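After this come two complexes, each holding subunit A, first together with subunit B and then together with subunit C.
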Partner chain A sequence: MDMKASKKLSLKDRYNLMTRDLAWTPTYQAVQDVFPYTQYEGIKIHDWDQFEDPFRMTMDAYWKYQAEKERKLYAIIDAFTQNNGHLGVTDARYINALKLFLTGVTPLEYMAHRGFAHVGRQFPGAGPRVACLMQSVDEIRHAQTQIHSLSNYNKHYNGFQNWRHQHDRVWYLSVPKSFFDDAVTAGPFEFMVAIGFAFEYVLTNLLFVPFISGAAYNGDMGAMAFGFSAQSDESRHMTLGLEIIKFILEQDPDNLPIVQAWLDKWFWRGYRVLTLVAMMMDYMLPKRVMSWKEAWEVYAEQNGGALFNDLARYGVKVPKGWEQACKDKDHLSHQAWNTFYNYGAAAAFHTWVPSEADMKWLSEKYPDTFDQHYRPLWEHYAREQAEGRRFYNGTLPMLCQVCQVPMMFTEPDDPTKIAYRESDWRGNTYHFCSDGCKSIFDHEPEKYVQSWLPVHQIYQGNCFTADADPSQPDFDPLADVLRWYKLAFGQDNLDYADSQDKRNFEAWRSQATSN
Partner chain B sequence: MTVKSVAPYDFPPQDTVDQFPAPLLYIGWEDHKMFCAPFCVPMPPTTLFGDLVKGALPGFFGAHPDFARIDWDQVQWIRSGQPWQPDAAKSLADNGLGHKSLIRFRTPGLKGLGGSSH
Partner chain C sequence: MPNVFIAFQRNEETRPIVEAIVADNPAAVVNEQPAMVKIDAPGRLVIRRTTIEDEIGRDFDLQELQINLITLTGHIDETEDEFVLSWNP
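Right after this comes the complex of A and B.
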């Protein structure tokens, strides 16, 4: 190799030297022993060198570029913290969206870091391996910058202090957690289709963008800053997801049915996780960016539709659950917020009835459904609350075996009827919220019979504190479950109207804006 | 279909009946989605069906204004999607209910808050 220092390498040469030229074919060990997970999923790859990394980024450029971005990010976070930026948000209801993000999404960034590190290790091709390595580093940076950005809120508000502990335990957090656990326990190719493509490419605009634009609309510079910092990485992730799926499909015609089945599965799995985003957009933001329905129409129906038109030349079809997801857009957020209103005593953030102004906005955004189906519910709750009877549901809900969401979803063609599906397998019955979740179970029942369903785990006695004594007559099982969640009753949970967060925010803001 | 795996893949199911204090019963009230999802409760198989209705359901569903108006003689029962005729004097087990059975009831004339099925 000619190493003349005077000559600057072209981007292409540098990329080749620092990626592909660093790879070698093992001779002491069989290739199959070094990369043992590449064949069992049934995907056939004939030539790994056909993978072209469109960014051609090398590690030295990566560090330089990211270091510069992080310097700017931390300067903004410092300024936000020193100027009490948290008092500039619309009102303290907004902060509950951040609690949901920190407990539900940030741990997924860390899991994505682990997942891409694993896949990067397992792929025999140097090109995808380096791309996965960089994405793996991106993901741990995203987890860190999110934790740092949101740690400022932990100094002032309830519900942030045990986010990592809660991610592994709290009932609704089992939805995002089990989604990612499902992906990282799949093979490397399925992981890439699940996370690299279905999540990062098809659905990311419906996860990340609403939170970050929500932060911008509601005056949260801190959260906005990490969003913008992550943005340039996201475009690289999306491209990797798309290039890898095209690469797999181009390598062998036998790969198509396997990839299609994964797309069907992971579109549905991801869409179910987005239920939490839908309700955040329509109900949790004091100043809303756009409705869930509008976001779905722009990011899924238009952009996603164009994507699947593009992929049609590979034989790929629109995922199976697509049509139902489009029908559900008028109902999803309302049903989700009702669920959290029901179980607001067991959530690590506050819930509330939408105000009259909020409901006016919802009526305008959902002219075909809100007034008929959902307004009577909120008005009833508001009346009850005014009379001192804030409704809290005290009985645990039935959960879907696959997505783990309470069985709150309605039939695609009848929004008045809860959808019920079930399967029998080896002498046991399993219940599902939808055709999508039932179909996922029926393909791999051995996997989903192991689901750690929070409600069932509570009844099995696995969610009590170490010193709990359920045999005592005064034992209150649900109170002990909250202790096990490390959820401070009366501070982290219950209605926003009576919360310490609301009182503090209003008192502090009035100090900041008047004498 | 089965899981594709590098090694034998055989793990015990998480939710077999022996792991619970009593078999689980799922129970939902049609057209009353104020209770956002059906309930999941452990119920001893010796419980009389009539005792379930009179003793347990008020605690689960009583917060809804329609609950007090239910005419229990008119109630239609559904089990796993099929019309079903329980015997109030018999136990859950003798009514054929087992672990993770799903039952629902429809209350004719009652359509939830403002007719919204909530």
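Right after this comes the complex of A and C.
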């Protein structure tokens, strides 16, 4: 047999042959009928072949490298599980961050898989279609690897068991859920700007890089492995997001105002979701790599600043909420953890007052705000708790109609005053946490009046178990809501100090370190 | 000039890659964090296949960078020989 090797194709040639060259223009059906969603958003594309993935990744290379990543990842997860790696984490407070991750983030990975499968199908260009296909497969891999690695914790700790059920019901999980539902119900171009660019490029570094480095710092090889394995795909996703936005802007000058409005909207939507990440970084990691504020400065202010500086040549401006987000960095995590401490009876993870050592760190990292505004709060809670009066807020908070976060954020220039905004639409008044969320509502009230707001739904009686009887005099509505959440009272919720997780972790760790 | 950056998992596969990057980019700053290494460079950063091959003593395909990549920023241009990150190309 003739085995003479022919000259290897260049990366550019291989990319052309295996993406654009495999595509065709339909003749039995009109292009518009095959790709029906590309017109109605008003984006004008004249030549889809102008899009090129700068990584020049082809499907054959994709499968090869993804398989390699999976082999490495599962080797680490197996080793971690075999060696009871969960007992090597700093302490069991850390595990609560994983509960929030599994219930809040993992289902979004699955929605991203669906979103990119849909958008990839709808784009007429072969380049974006292949890149979206790869991202769609990546995202389902992320969902699966997160479920696999966290299932090990589910064997030992409370609060993991009903993650999927809870994602669709629990009050704080409606924040990430509604964010992604909002994106996948937009048109294909808006979805790409929302998730591909605003979320992946501008914001996900904040979720996966310092937080996952933090997981490693706290001894969690399992979370480090899935986090960084996911993030290696994220580099490709960020690149797709940046290239698609440049491509849209280069295709027609009429696209700029549409794209700018989406950037303003989706930066703010994504930023609000990151409230949960800010709190995880500053309060839920027993050992911290960097503060939320430092992460914001590195990944948003410096890097995002360089990015928008670069995009200025297309006429793109920094998103509207940017300035406020930069001011908020001194307050965000503290206000969020205070809210969860308040509602610690209704959360599927444990909450706690930061220790004196934690507060010393917070004072150093937040010299302008922590001692003045937040330390007194924690010291008050700690005194109450020491006297047997651990505070649990038994009321329901008002939620923002758009981001669905409880109204807990303060005015950008007055950290002692809660911000309230409202709009009237067709005879009803709607409430918002910020100018950013109000402005999103005012542009699309028809969409956001449909928000499934957990607190409204509880008051309307839609969050009780099937056999509940609210007419009975001894009916306890909040207890029944927790049953409907499948949240085991006294086991999945309340303070870390009294938790079964804490007792078990300490007992098991002492077994692991002595006879 | 604003920085571009690239970050890798910190392991034995990436150690020679980071050394190659430092050799090819004198202005690069290496920042080691738990489990990861981030390299910042003003305006432009280039990763050369041949420099990595000299470090590791075998053939290297630049797409292998994907395996340990964590994040990056800047416009990308990748060929068989070079992987370049830059602002305002």
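Brief remarks follow.
One rule holds in what follows: the second predicted complex is superposed on the first by the 503 of 515 C-alpha atoms of A that agree within 3 Å, B and C clash if a C-alpha of one lies under 4 Å from a C-alpha of the other, contacts with A are read in each partner's own complex, and residues count from 1 in each chain.
The definition used in the following text is that a contact is a pair of C-beta atoms (placed from the backbone, for glycine too) under 8 Å apart; a residue touches a chain by one contact, two chains touch by 3 or more.
None of the values given here were measured: they were computed from a predicted structure.
By the touch criterion defined above, A:D310 reaches subunit C but does not reach subunit B.
Judged by the touch definition given at the top, the superposed model places A:F35 against neither subunit B nor subunit C.
Look at A:W508: by the touch rule set out above, it reaches neither subunit B nor subunit C.
Judged by the number of subunit A residues each one touches, B leads among subunit B and subunit C.
In the superposed model, A:N428 lies in contact with subunit B only, and not with subunit C. By the touch criterion defined above, A:M224 lies against subunit C but remains apart from subunit B after alignment on the C-alpha atoms of chain A.
Looking at the shared chain after the overlay, A:F464 reaches neither subunit B nor subunit C. Of the two partner chains placed by superposition, only subunit C is touched by A:A61; subunit B is not. In the superposition on chain A, contact of A:V209 is made with subunit C only, not with subunit B.
Touching subunit C in their complex are the following residues of subunit A: 10-12, 54-57, 61, 65, 68-69, 72, 205, 208-209, 212-214, 216-217, 224, 228, 231-232, 234-236, 238-239, 242, 289, 302-303, 305-307, 309-310, 313. For subunit C in complex with subunit A, the touching residues are 2-5, 7, 9, 33-36, 63-64, 66-80, 87-88. Subunit A contributes residues 36-37, 40-42, 187, 335, 338-339, 341-343, 372-377, 379-380, 391, 393-399, 406-408, 410, 415-418, 420, 422, 426, 428-431, 442-447, 449-453, 455-456, 459-461 to its touches with subunit B in the complex. Partner subunit A is touched in their complex by these residues of subunit B: 1-6, 9-11, 13-16, 19-21, 24, 26, 28, 30-31, 33-42, 59-60, 63, 65, 80-81, 99-102, 104, 112-118.
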